[in-house]
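What follows is a pair of complexes built around chain A, which joins chain B in one and chain C in the other.
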Partner chain A sequence: MKLEIGRINIKDIQFGDGTFVQDGVLTVDREGLTAFLKEDERVAGVRLDIARPGEKVRIIPVKDVVEPRVKIEGTGAGFPGVTAKPSQCGQGRTHVLYGAAVVTVGDIVGFQEGVIDMWGEGGRWTPFSKTCNVTLDLQVVDGLDTHTHEETIRLAGLRAAEFIGLAGRGAEPDEVLTYEMGGIFEETEKYPNLPKVLYAEMMITQGLLHDTYIYGVNAQTILPALMHPHEELDGAVISGNCVAACDKITTYQHQNNSVILDLFAQHGKEINFMGVVMVPEHTTLSGKLRASDYTLKLAQMLGADAVVVSEEGYGNPDSDLLMICKKCENAGIKTVLITDECAGRDGMSQGLADTASEAVAVVSTGNVSHVVTLAPAERVIGNPESIAVLAGGWKGALLEDGTLMCELNAVIGSTSEIGYHHVTCRQY
Partner chain B sequence: MVKEIERYGIPIVHMATITTISESVGANRIVPTVAIPHPVGNPALSPEDEYALRKELVGRALQALATEITEVTHFE
Partner chain C sequence: MQRTIVTNNPAVWDKYSANALFIEGSAEQVLIRVRDMVHQGYELISHPLPASLRIMFSPYRSVIIGEKRGAADHLEAEIAEESIWKYRQKMSSREIDAGNNADYRLIDLLLLDAALKEDQGGGQPPG
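Presenting the complex of A and B:
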C-alpha cells in the first residue's frame, strides 16, 4: 500500500471570497461554509471565527480539532463511512493544508471539553496554538438530545474540514511525504533480522459521549482490529469524545498520529513495523479481559517481538493498559507503554490507577493535575465561564480580570498519550 | 478509603467493576459489579429485573461483610 501526503504549507488564514490557497495564505469563504453547514437541519446557527498563532485569543470550550484535507488520487475521499460513502483509506494521494485546523467550539455536556490559548503560557501547552484555526461555534435547534447534539457538532467539524480542504485540490504541495509498506510477510522477508513491532492504540469507547469511530463504526462494538497504519493517517479514525481535554485524541491527532509516524521513521532501520491494533476501552471487566486477550492473540498470530501500547484517557483505562502489558510480557512479547499520569497537583501521588511489576518500560507524557495560570485574553471565542465546569477547572477558576487557572486536564492535547504535544522529560 | 476503614477495624467490602484495580489498591473483600457507568444497576434490564439484580448485589455484599476471610476474596 502506498500513500502520498502532499503538504501545502499554510502560514496565515483569512475570510474572503472563495476558498483557496495563495502564497501560503488560506482564504475561507465564510458565507459559503456557513450555508454548507446549515444544510444539516439540526444546525440553527453558525459563528465562524479565526484564531492565529501568537494572537491573544482563547478558545473555550473546544470539542474537536480536525485537519483540512482533500483526496487527489485513489479511494477514501472525505471521512469514509461518516461524511462520505464507505471506501478504503490509506492509498493514493491526499493533500493537506498543513498548518491549518478546524476547531469545534461550544457546550455539549457542560464538562470535559477544553481550552486552546493561541499565545503565552497556555500556548506552550497545546499543539493547536501553532495552527491557523477556523473556529466553528454552532447552535443547534431546540430539543436535540445530548447524543444528537454531539453528533451534529462532530459532523459539522468534519464537513467543514472537507469544505476547506478542497482548497488543496489545485494547489501545488510544498512537500510530498511518501509512505509505502507491503504485506507483513513481504516486509519480514525484506527485514529478517529486525524486531517485529506492533502498535496497540487504545481508544476511549465508553458510551455517554466517550466514543471513537473507525470508518463510521462505533468502536465500542468491535473486537480489537488490525489496521494498516496508512488508514489512520488517511482519515479512517475520528473522535466523538467529550472527555478530559488533555489526553483525548482529537481527529487531527488521529490524522497525524505521532506514534505511527515515529514507528514509520524507524521501519526498515531499527524495527519492522507491522501495523496497528485498534483496542477498545470497555466499561466492564469482561470487556477489558476480552480486549486484552484478543490483543495478545493478534500479536502472537503476527509473531510480534514487541508491542508499543498507547492509552487514551486515564483512570479505568489504566487497567486495560496494564492487562495488555502483563499478558504480552508473560507471553515473551516486550512492551513499551505510553501514558500520562494523574499524580496530584504536587505530582507526589501514584500516577496510574493500577500497577504491575511487568510494566518496566513506560513513557510518561505529563501530569494531568499540574496547575497552570493563563493570563487574560484580548479576545475569547466561545464562553470563558465554561471553565467552571470543565474537567480540570473549578468554580472561581476564572478571575475577574480574565486570568484563568486550571489543571492541564482542561488544556487540549497538553498530555497527549500519542505524543502529539510539547511536554518533554528531563532527568536531574 | 477501603483500606483506612478496614485498618480501623470495621469490616468493609469493595463493590467495584474493575476488580484488578480493587486488588492493586489493597481491598480484601471484593464484589464484582456491572459496569463503570452503572456499577450496581443495568439500564438494559426491565425495572423489575434491575431491582432483582441490585438486591442480589447488595445481598452478596452483606454476605461478604459477614464472612471471615484470610486473604483477598472475590464474592462472585
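Presenting the complex of A and C:
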C-alpha cells in the first residue's frame, strides 16, 4: 500500500471571496462555509472566526481539532463512513493544508474545559497554538438530545475540514511524504532480522463524549481491530470524545499520529513495523479482559516481538494498559507503554496508581496536574463563562487581573499520550 | 445475571431504583461501598473510575456490581482498592465541581446506560 501526503504549507489565514491557497495564505469563504454547514438542518447558527499563532486569543471550550485535507488520487475521500460513502483509506495521494486546522468550539455540557491559548504560557503547552485555526462555534436547534447535539458538532467540524481542504486540490505541495509498506509476510521477508513491532492504540470508547469512530463505526462495539498504519494517517479514525482535554486524541492527532510516524521512520532500519491494533477501552471488566486477550492473540498470530501501547484518557483505561502489558510480557512479547501521569502539582507523587513489575519500559508524556498560569486574553472565542469552569476546581485559581491558574488537565493536547505535543523528556 | 448499581446519582436512582443501591453521600463513599462489596465476594462488573479526568471531578458516580460469589476475586479487589487510592490522589488538590450538577448527573447516567448495554453483550451505544 502506498500513500503520498502532499503538504501545502500554510503560514497565514483569512476570510475572503472563495476558498483557495495563494503564496501560503489560506483564504476561506466564510459565507460559503456557513451555508454549507447550515445544510444540516440541526444547525441553527454558525459563528466562524480565525485565530493565528501569537495572537492573544483564547479558544474555549474546544471540542475537536481537524486537519483540512483533500483526496487527489485513489479512494478514501473525505472521512469515509462518516461524511462520505465507505471506501478504503490509506492509498493514493492526499493533499494537506499543513499548518491549518479547524477547531470546533461549544458547550454540549457545562463542565467542558479544553482551552487553546494562541500565545504565551498556554500556547507553549498546546500544539494547536502553532496552527492557523478556523474556529467553528455552532448553535444547534432547540430540543436536540445530547447525543444528537454532540454528533451535529462532530460532523460539522469534519465537513468544515473537507470544505476548506478542497483548497488543496489545485495547489502544488511544498513537500510530498511517501509512505509505502507491503504485506506483513513481504515486509518480514525483506527484513528477516529486524524485530517485528506492533502498535496497540487504545481509544476511549465508553459512551457520550467518550467515543472514537473507525470508518464511522462506533469503536465501543468492536473487538480490537488490525489496521494498516496508512489508514489512520488518511482519515479512517475520528474523535468523538471531548472531556479529557489534555490527553484526548483529537481527529487532527489521529491524522498525524506521532507513534505511527515514528515507527514508520524506523521501519526497515531498526524495526519491522507490522501495523496498528485499535483497542477499545471498555467500561466493564469483562470488556477489558476480552480486549486485552484479543490484543495479545493478534500480536501472537502476527508473530510480534514487541508491542508499543499508547493509552487514551485517565482512570479506568490505566487498567487496560497494564492488562495488555502483563499479558504480552508474560507471553514473551516485549512492551513499551506510553501514558501521561497524575503526579501531583509538584510532580513528586506516584504517577500511576496501577503498577506492575512487567511494566519495565514506560514513556511519560507529562504530568496532568502541573499548574500553568494563563494571562488574560484580549479576545475569547467560544464561551467566556467556560473560563470559570477551568478555575472552578480550586480556590484562588482566578486572580483579580483575570490571570488564570489551572492544571494541564484543561489544555488541549498538552499531555498527548501519542506524543503529538510539545513536551519532551531529558535524561539528566 | 443479577446486577446492582451502586450510585449516589438521583437520576440513576430514578431510572434504575429496582436494581440500585443508593448511597447518601459522596462519589468517594460510592467507591468505598463498592470496595467493601467486592471484598465480600460481589462481582465487580464495571470499573469504578471514569475514563477521563474531568469526570473524576464529578460529584456523582455509579458502579455496576454483580452477584455474590464464594470469595473475593483478587483482580477485582485490587482494582476496587486502587480506584479509591487514585480518586483520593487526584481529588487531594481539587474540589468537586459542584457548579454543573445537572450535567454531571446526566453524563453519569448516559455513561452508565452505555456500560449496561456493553454488559448485556451488545455493546451498542444508546440512541
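The working rule: the second predicted complex is superposed on the first by the 412 of 428 C-alpha atoms of A that agree within 3 Å, B and C clash if a C-alpha of one lies under 4 Å from a C-alpha of the other, contacts with A are read in each partner's own complex, and residues count from 1 in each chain.
What we mean here is this: a residue touches a chain if its C-beta (ideal position, glycine included) is under 8 Å from a C-beta of that chain, and two chains touch if they have at least 3 such contacts.
Since the structure is predicted, the reported quantities are computational estimates derived from the model, not experimental observations.
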Superposed model, chain A: greater residue contact from chain B or chain C: C
Contacts of A:D354 with chain B and chain C, given as first, second, both or neither: both
Contacts of A:N241 with chain B and chain C, given as first, second, both or neither: second
Which superposed partner A:G207 touches (first chain B, second chain C, both, neither): both
Touched partner set for A:S319, first chain B, second chain C, both or neither: both
First (chain B), second (chain C), both or neither touched by A:P127: neither
First, second, both or neither for A:L285, with chain B first and chain C second: both
Contacts on chain A seen with chain B and repeated with chain C across the two complexes: 206-208, 283-285, 288, 316, 318-319, 353-354
Complex contact set, residues of chain C against chain A: 44-58, 64, 75-76, 79, 82-83, 85-86, 89-90, 92-95, 97, 99-100, 102-104, 106-107, 110-111, 113-115, 118-119, 122-127
Residues on chain B engaged by chain A in the complex (per definition of touch): 17-21, 24, 32, 34-37
Interfacial residue positions of chain A with respect to chain C in the complex: 109-113, 145-148, 204, 206-211, 218, 220-221, 241, 243-248, 281-288, 313-319, 342, 344-345, 349-350, 353-354, 368-369, 388-389, 392-395, 407, 409
Partner chain B, residues of chain A touching it in the complex: 206-208, 283-285, 288, 316, 318-319, 322-323, 353-356
